[in-house]
Amino acid sequence: MIGKVLVANRGEVALRVVRACRELGLRSVAVYSTADADSLHRMLADEAICIGPPPASGSYLNIPAIISAAELTGADAIHPGYGFLAENARFAEICERVGVKFVGPSSRVISMMGDKSAARRAAREAGVPVTPGSEGVCANAAEAKRVGAEVGYPVVVKASAGGGGKGMRVVEDESRLDAAFTEASREAGAAFGDGSVYIEKYLEDLRHIEVQVLSEAGGKTAAFPERDCSIQRRYQKLLEESPAPGLPEEARRGMMDAAASLVDALGYEGAGTVEFVYSGGEFFFIEMNTRLQVEHPVTEMVTGADLVAEQLKIASGERMDVPSSAAASVGGHAIEFRINAEDPRRNFLPQAGPVEFYNPPGGPGVRVDSHLYAGYKVPPHYDSLLAKLIVFATDREAAIRRGLRALDELAIAGVETTLPLHLAILEDEDFRRGGVSTSFLARRELRNDEGLLRLVPAGASPG
Amino acid sequence: MIGKVLVANRGEVALRVVRACRELGLRSVAVYSTADADSLHRMLADEAICIGPPPASGSYLNIPAIISAAELTGADAIHPGYGFLAENARFAEICERVGVKFVGPSSRVISMMGDKSAARRAAREAGVPVTPGSEGVCANAAEAKRVGAEVGYPVVVKASAGGGGKGMRVVEDESRLDAAFTEASREAGAAFGDGSVYIEKYLEDLRHIEVQVLSEAGGKTAAFPERDCSIQRRYQKLLEESPAPGLPEEARRGMMDAAASLVDALGYEGAGTVEFVYSGGEFFFIEMNTRLQVEHPVTEMVTGADLVAEQLKIASGERMDVPSSAAASVGGHAIEFRINAEDPRRNFLPQAGPVEFYNPPGGPGVRVDSHLYAGYKVPPHYDSLLAKLIVFATDREAAIRRGLRALDELAIAGVETTLPLHLAILEDEDFRRGGVSTSFLARRELRNDEGLLRLVPAGASPG
Amino acid sequence: MSEARDDGIRKDPVGGEPSGRRTGDPLPLEDVGRLVDMLRDSGVGEIRVRQGELEISVKAKPEAPSPGPPPVAEAPSNEAVSQLEPPAKVDGLHAVRSPLVGTFYRAPAPGEEPYVEVGDVVRAGQPLCIVEAMKLMNEIPSDISGEVVEVLADNAGGVEYDQPLFRLRPEA
Amino acid sequence: MSEARDDGIRKDPVGGEPSGRRTGDPLPLEDVGRLVDMLRDSGVGEIRVRQGELEISVKAKPEAPSPGPPPVAEAPSNEAVSQLEPPAKVDGLHAVRSPLVGTFYRAPAPGEEPYVEVGDVVRAGQPLCIVEAMKLMNEIPSDISGEVVEVLADNAGGVEYDQPLFRLRPEA
């Protein structure tokens, strides 16, 4: 049983956790940097404690400060949200050692899934298909070549400690493997302090499809209907939906079963996401995120589950309130739009400063998760996510229409946002047909069209 | 087929209709008074036209102005919302005559249901139980006495043209009937220009339970699971929920079937609500509202239906998208809180003026229908409804906890609202047990308790 | 819309019988009462109804000129029917605004001369135009005396409530 | 919390072995490196670690006094752990603020004398108190020279980052 939860995060996800705590009757403690003194998560939590200066290294990534805040306030659990310390095995381990419940899996599991080659091995051992490639880390370019010859080109060299595209190289043929191996390894070493790389077959025209799981660690496991997160810009997800348009039922069941098998094999506790690539009717494991994800509301909208409440129940040693294995969809369709403080007209330049006017959309089938309010100042120190708009309707076409309506209502003045990009995506014919690949945005350019943005094929002549 | 809809209303309901139009691909026309020049319904509609000065008589009740606006903008349908002209048979008739589709039933049905004694007769003829009482209007006190003797005292004298408690008198025994009859008749004559009254048995400890219907006028009819609207202050609903706590399944089916029978018998078109009193396991028809209701989102949340979209589809001659007879509940519980610009600490004094800060709640299971924004000026001319907060969760207890959470997040600075009253209601033990009668609020007093409001038994000594 | 002047709708607001009245008929006092109500509720200056030999005209009491135009809010960025509203006073000019929503006519009837032209000097209370709403021809009087400088609305076009119709240079 | 000074956690942030070090062991340069990082990231003035015979102390470079306190936002109406923050300067007084969240101790160790008392005159850089976080004792130096006028935090109580701990009258 836990009674008081420290939320080791900021922004909309901190609010999300504070809301779940309040609804479960748990007390919540917000931590905040001096840049976030006026933030809603501070104002809406039961208690709040300032933990450091604006740079995240001194506040939201400052483990001693967060542990101290938990001790001072008597919090018996810490919810890490996403980002910051959410997948930091050392933080989870320290929580374990000071006797504060870390809301998430064990440090051992976080550590294993954080090592991408170890995660591939674990998936393979659990009978989950993984992209053809090396068994684990490739010791040298010669070993990489052997694997390349085996799986066929193109291949991709990836950092084992990696993520976000760093330490990653696509290799078209063997002649370029030596150089790519060296570069990727050096980049990985610089970025993650670990130069280990591994090789995978490079799949083209793939879709990013992921399965949300919840597990009681040895008890019940639930895998939820999938989310399609193929709309990405530079490996950053922008728009997510559930269910994945046009996905055959067999593939859906396959991914849900695979995710559940992996989770059971790991002795996983809490919420997590098993990510797959889906290409040509086949799916392959790519990695597992051992935390809540930004796009979790999409799953909540189509299944009625409250994933954060379930995380807290599991952490508290209670039984979760979702049907064992595969929660049933309520038969609708949900889409999430990430409204980031980035200017899509100026190469996604990050924005900061006061939000002079804010009108979140309302009405049926609309959910807004945001820490914005009129007068809020967007600090320049953190992630650019300002708001998540999630729409739900009976089918995908209705959800798109509702999305257009809600995006049209949403007004944020003072900073530029990705809102017009979402409108452009919803107007795109390929998107409306559904089932586009992760190269959707890369293959298009943004064109200004009388104040609105339009997507046009990359390299097209000005319209 | 309709293509452009004039919304003959303001505030949150005008927004509701504008949203539905946009999602259906219909163009919308807002009409507004000069007091509403800065209103969201004006800003979010496709077109907007100023129809008159602030007093409703010159603008939102100004039939020539609204019809002219429809003609000028080429609107081929008018949605009346609720209030104002929504149950004005003459307005519906004028729409019929100028060839603009009135979104609602025929003027004949509006007229019949507007005459309470005629409505009772229609219900009885459709086999719907009505409260024991006179067959129709009572010609004189002698006839009233005959009915009183038949059904037993107490009885209530009601205005046939009435509503909102005007021209209504509860009579404890026959000796007081003469005076009450005369007073009620005079009051009704003054208020409605029609002194006709009728007699009903007065039921105590009753609950107000109503059934939402949708009908294609001769085609399919759907009756939805009931709403419990027993939390009222002076006959004004304040909080509504669905399903009704503790209602036996038999009573639910009975009311739904009765509502469907009446609607079929009337040849009803569009959305409407059949209102019942429920007392001692029995239910009786009281009246029918021939329009959309303020509390319609409660039904939308538990069934997934979009009632306004269905209204527009029916008006357009399309088939509605809900299962015939009794749409199934998705098995959750929804509660609506009406946030009115009234000060519960000063006898519900109406409030007007600028809203300096506004923070609508967000997160899972929360819907807000409101025309508020930070900086909006609440005009003194109209209804006090500022926002409807609707929460949805898997069961009533979870919905109440979510309601407490969301009400706590909702911030409106500048005008006092009924928000603290809702918090007090949710903390009330009887309310939490569920199934309270319409006298719930009348039997309680509001007590200030360190800035918060509490409900205490009426006449209790100061705590 | 003006070609449909004698359809069924026209009589509804005035409640009269459809066909020709004669001199000996009782006076339609109920109709007059309704017109009086409508005039009061709508804030217009005058309502005139002609039907066969019947003609009813109801005019508002001349009021003291209002101290200023009602406040005009910033126009939001939607496609309103009306043009952007110019400020009420520019260079000392005065705007005469429409007291109702309807169709703007510069002349009493098709083919007739406009009530006023640019350059005309008008007296307060003198009719400037008609705004038709639901087949009722509402004569709009000038609320000041002065010279007509500009006609702001298009003949036979729609006008909103409170929309400026004319610009006048007030009498010195 | 201070009684748990030698549990397992204490060594984690410095990465040392659990048991007694001796003079002949190689210098724990990695630990020192981590403390340097910690000092820099946390903004504290000094970190001292004692473990058996090992003692590491890391101090920040003396800085020019900061031009002013960081802006303090209006306190929202929630139950914060801290007291309402008094303005940084009242009557020309200067507030020394906590550079980290932790537990405030006025003395170097239980039973010892407080670092300073009201009325003491201190030099810039002189330790005023300890703020303990995760079993690390962080000495907080005064950032100005002056007289201690008030102690604002309770001994052995929690303090937030940036919370005022002392009020000093700056040296003239």
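We call the chains A, B, C and D, going by the order they appear; numbering starts again at 1 in every chain.
The rule we apply is simple: contacts are C-beta pairs under 8 Å (C-beta built on N, C-alpha and C of every residue); 3 or more make two chains touch, one makes a residue touch a chain.
Note that the structure is a prediction, hence the values are computed from the model and not measured.
The chains other than chain A, linked only through touching, come apart as B, C | D.
Chain C and chain D have Cα centroids separated by 79 Å. Annotation: 62 Å between the Cα-based centres of chain B and chain D.
Averaged C-alpha coordinates put the centre of chain A at 42 Å from the centre of chain B. Centre-to-centre separation of chain B and chain C, using mean CA positions: 37 Å.
Those residues of chain B in touch with two or more other chains are numbered 44. In terms of inter-chain touching, the protein chains here are arranged end to end in an open line.
Here the touching chains pair up as A-B, A-D, B-C.
Interface of chain D with chain A (complex): residues 1, 8-9, 12-13, 38, 41-43, 70-74, 76-82, 100-103, 132-134, 136, 158, 160-163.
On chain B, the positions that touch chain A within their shared complex are 15-16, 19, 22-25, 40, 44, 297, 300, 304, 306, 321, 330, 332, 357-360, 362-370, 373-375, 394, 398, 401-402, 404-405, 408-409. Interface residues of chain B, counted against chain C in their complex, comprise 33-34, 37-38, 42-53, 57-59, 62-65, 67-69, 71-73, 94, 97-98.
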